[in-house]
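Structure incoming, see below.
Should a chain be cited, it is by its letter among A, B, C, D, E and F, assigned in written order, with residues numbered from 1 in that chain.
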């Protein structure tokens, strides 16, 4: 049994509150246990300049963490005057993941800007962000269809993400902070509803891992993403 | 009657949720209507270097806004690489206001860092921040007493803040965003529980205001701060 | 009697030298005792982009201090790579104050940029800046009229500013550095020639102040601004 | 056949010139075809402050690209005043990869700083960097042993990295720039000499990939890393 | 005759007001015609860290220009967040020039920080800065001797600087802005009282210059520096 | 004899490899002994905005150093977030030098951007950069002629640069790092093929130098630039 009492293939409780942000075209407060991320989707009339006259639109993401989202306080990036490498890595990942399931040629050179702000952190903030962003983006696309900015939803698939790792020699699903800190191997998976892989990031923390271990993690990730997918579907329904 | 249906001397619904942030020594989610601010208080072993060996401690504040807290998206300060003048003005005000009701000589060279992050904005974010910060700071001091960092609560008074303004020729209490945008005069008041004035900021938006108008605003502010004070007391009780 | 020998309602000697800067469209070297600020007004063909096609113009201000204007040297902001919160607060105040007495719709989308640079500091640099800026701006408007950029002077009133405070239990006018450092309450007032209030900033330094104390400060400020107004008038006459 | 004429499982010509940099404790100019990276390893007496008194040392990496290493010129990061997200992502990866095969507890709180500077780019700069860094680090450790800073080489394994991808429906090894731009899926593998996996980064460029495809890429990566490993061994021999 | 009516070997009127800044240990307002620079010298207890335990002290300089010192307004460096290359070049030159005539080993690890701020510019601001800085530094050293920080004045020589150029085919001394803009060749000379050369910077603006032309400029510079030297001596006398 | 065994008027071995960078329109790897600089010339369709509609083009330069080009590691400017004053001074010099021998009116508002990156440093990096940049620029102009961007080569002369100094009382040519560090006087000369002077920068390191000493350095510089000129000519021939 894990410290949290969960089974090795058990997700933390997933909660998704669509439309949480009053002003945004799309939004979702996503909770994976004690990890809470507020995701908003902002519609922007103008895409990036390098897409001008291409017909294609764009989806980009920014990521941030409230200074006291974590156990010890993390310095405010706005006060330091720059974003850390970790922040940039995460926001690039989020944008890439969403673009992988959207047909950008349908976006009429519009841009959607996703903001993922971690209100509270307990491991897995990047995977919760991607999972919640899919819901916020969906709500934003629904709004764009209603407003006449889109002819139809441009999704080619749905998307969800989860982290897995090898903790105390066992492969476990959906690491919380304590597990993440002691994991021997740590991997993030971004998977589509149809089972395709969009992104894999596996990292050995102290000693290398084997192909077999890695495949065990992938199997867990499929189970986790299925559960997340169900929560996403319910949230999207509710938002209508 | 005001656009919102409120009487001229009526506050928006006030809600204060102490202990909202799992990790912080003190915290409060404060709502003035649709303005929602998450305030955390972080205990820091070491105060600023210029207080070393003075025995005095310090209270400092930082302020931020989620990019889509507002109607249109505001660029993320961390991404731009600097805080706006408005942000700096507000965070200096918050720190000053709190220090005015604390006996810093009792803090043993410790520092409390207050973070005010606006989750949703509808006018009055700086006054909501100060009002919620008092609750978060109180909870943090309670924790410090329990942990032996303080002999007793170092407060010399309680503190609350509210904005008032002259809208359509009438003095009104607790401006929401629409009122704030059309106010002819706009003033922020920071008042203590005993009725002392800690900070006054009055600004004529288009044409100057008179002493009489200003005193009318001050009177409304006293009413508003009384109501906030009651909410603070209830939240502090609940946090124990 | 005050340390400086002044009466409680006595300003420091005021000196205003219009046209001090050879190259600027308007300028004024203003002295409140040992506080010396060089203010220039620069005419700019293009206002800010967000006013395009509105017909309105703009007045903006920047503020700086020579590193050794003060007793101890203050780090050069250009070398540090950013302006302090204090600097930003002051320059926002100066711009706001000037805009309050100008009909911006008459400016034909032009912008006036005010630069206030403190050559020597002895308290009250922001109020001296505003007071001198009125003279520099006036000279700039005179030039704009002569050059055909303006049909008439767009002022709706004149403006002056002064600081007051409670020092050793007494309300005093026009604080110098020593008084400012020991003041119990410190307030800046920006008043128009006709007696309107444009900006009030009152701050309790250590313990709160009362409404009565505050009104006493306001009364002193009126006296001070009258004196400044006379010096402004003389300087403007002289500049013609 | 690939555009370059290579077989699907064929690396570009690998060249490794150890000791290329006159001044550095360790260095290697590594070439994967037209991708040329100069790697240096700098010995630093003091590790990061957060390791003080832990006995552990550290290995960190920085990455840069000459502005005209690429087909079109890329803006100089020093002139822009910040490193891109891509740069930060890569340098974090390089440091992590090297630390995974070193027993940091043997480093006596010393730090090795790896600099990877791309002289010419034709795809695969990050994997060439890691592969060359192993040689430079080895040379640096040899020097440290000779100078008495280390009792023995602290390596627990060797390390190499290569990129693979699915191009025109076929899995191919060691993508050059043209292949990288048109790859449907792109993955970087960091593998140890003993066959362990240290890092996997797989990204779907336009449409998701399958588990089977992914495993095919991993198999190619093992072949590539074997070839790189032989070149590393020869270079290390030569450097002695 | 030159546009200004001066002879080719004639300096603009030189004025030097020592002790102009109330707070600084040394200061001088220097005027070369319409070029006015306020120079201050600040005594600092601690020199740069890389001189610790060497016994040597240091002299460093910073340079700035008020935004409207020039004909058109120049953007404030503090607002832009960085100093231009020109500014850095000038302040490095000023520091180097002063250090060349001071025996740094006598400074007991103290540092003097020179601030040169251009109040009004009409060509030759860097040479006026150096010339005025010598006076400010002298006054600061006098203060240090009086305060016991120095046993004796550590000067090994005096120093002055002037610009010369070839304008309309003629070599002329002490270029004003109009001449500087149209000069074919432009050179700055920093010379000691005993006739030694400390710094030469000659630049061809459009076409190269000859050795002969260059020597003609050097001869003029000697005449100019003699005149400046006399003004410096008088100012230093007066400051005592 | 010098430490390196060279005669006082002897250059280090000069090597120039044109076309070293695969992607650039022009390039040259230049070596002055152990000083190695890679120079590239990039053709840009659009010149700086302040030249629009003037018909004139522009040549600008950037300079950088690999962190471990030097004996001790120098912090990466991209990581620090700004370029040092030294870097800016050098890149301004390089641009100015090249523009002095090009008729900018023939450039059709195009811009050439020169990048000089020091791979290894042993003194004289700025003069090697200028000397190599002439070759890279020549190759770029040849390309522009072939591509129809230029009617003819716009050079008005050739250009080369070298440093000289007074070391141990003797004037010597082409200082290496050791000589540069101990030089009493250090001067950089930029000379044209026809013998004109484009730039002179002479600096006394510890004590002033005399006119006679300076002229001796200039004579050496002429000899050095002749040798560099021959190497440039050969490289340009080879590049055709």
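As a convention for this text, a residue touches a chain if its C-beta (ideal position, glycine included) is under 8 Å from a C-beta of that chain, and two chains touch if they have at least 3 such contacts.
Note that the structure is a prediction, hence the values are computed from the model and not measured.
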Partner chains shared by chain A and chain D (touch criterion as defined above): none
Centre distance in Å when chain C and chain D are each reduced to the mean of their C-alpha atoms: 59
Separation of chain C from chain F, taking each centre as the mean of its C-alpha atoms, in whole Å: 50
Numbers and ranges of chain D residues touching at least 2 other chains: 81-82
Sequence of chains encountered when the ring is traversed from chain E in the direction of chain F: E, F, D, A, B, C
Contact footprint of chain C on chain B as seen in their complex: 82, 84-86, 88-89, 91-92, 96, 100-101, 156-157, 187, 191-192, 194-204, 206-211, 214-215, 218
In the complex with chain F, residue positions of chain D that touch it: 21-24, 27, 34, 38, 40, 42, 44, 62, 64, 66-73, 76-79, 81-83, 87, 113, 115, 117, 119-120
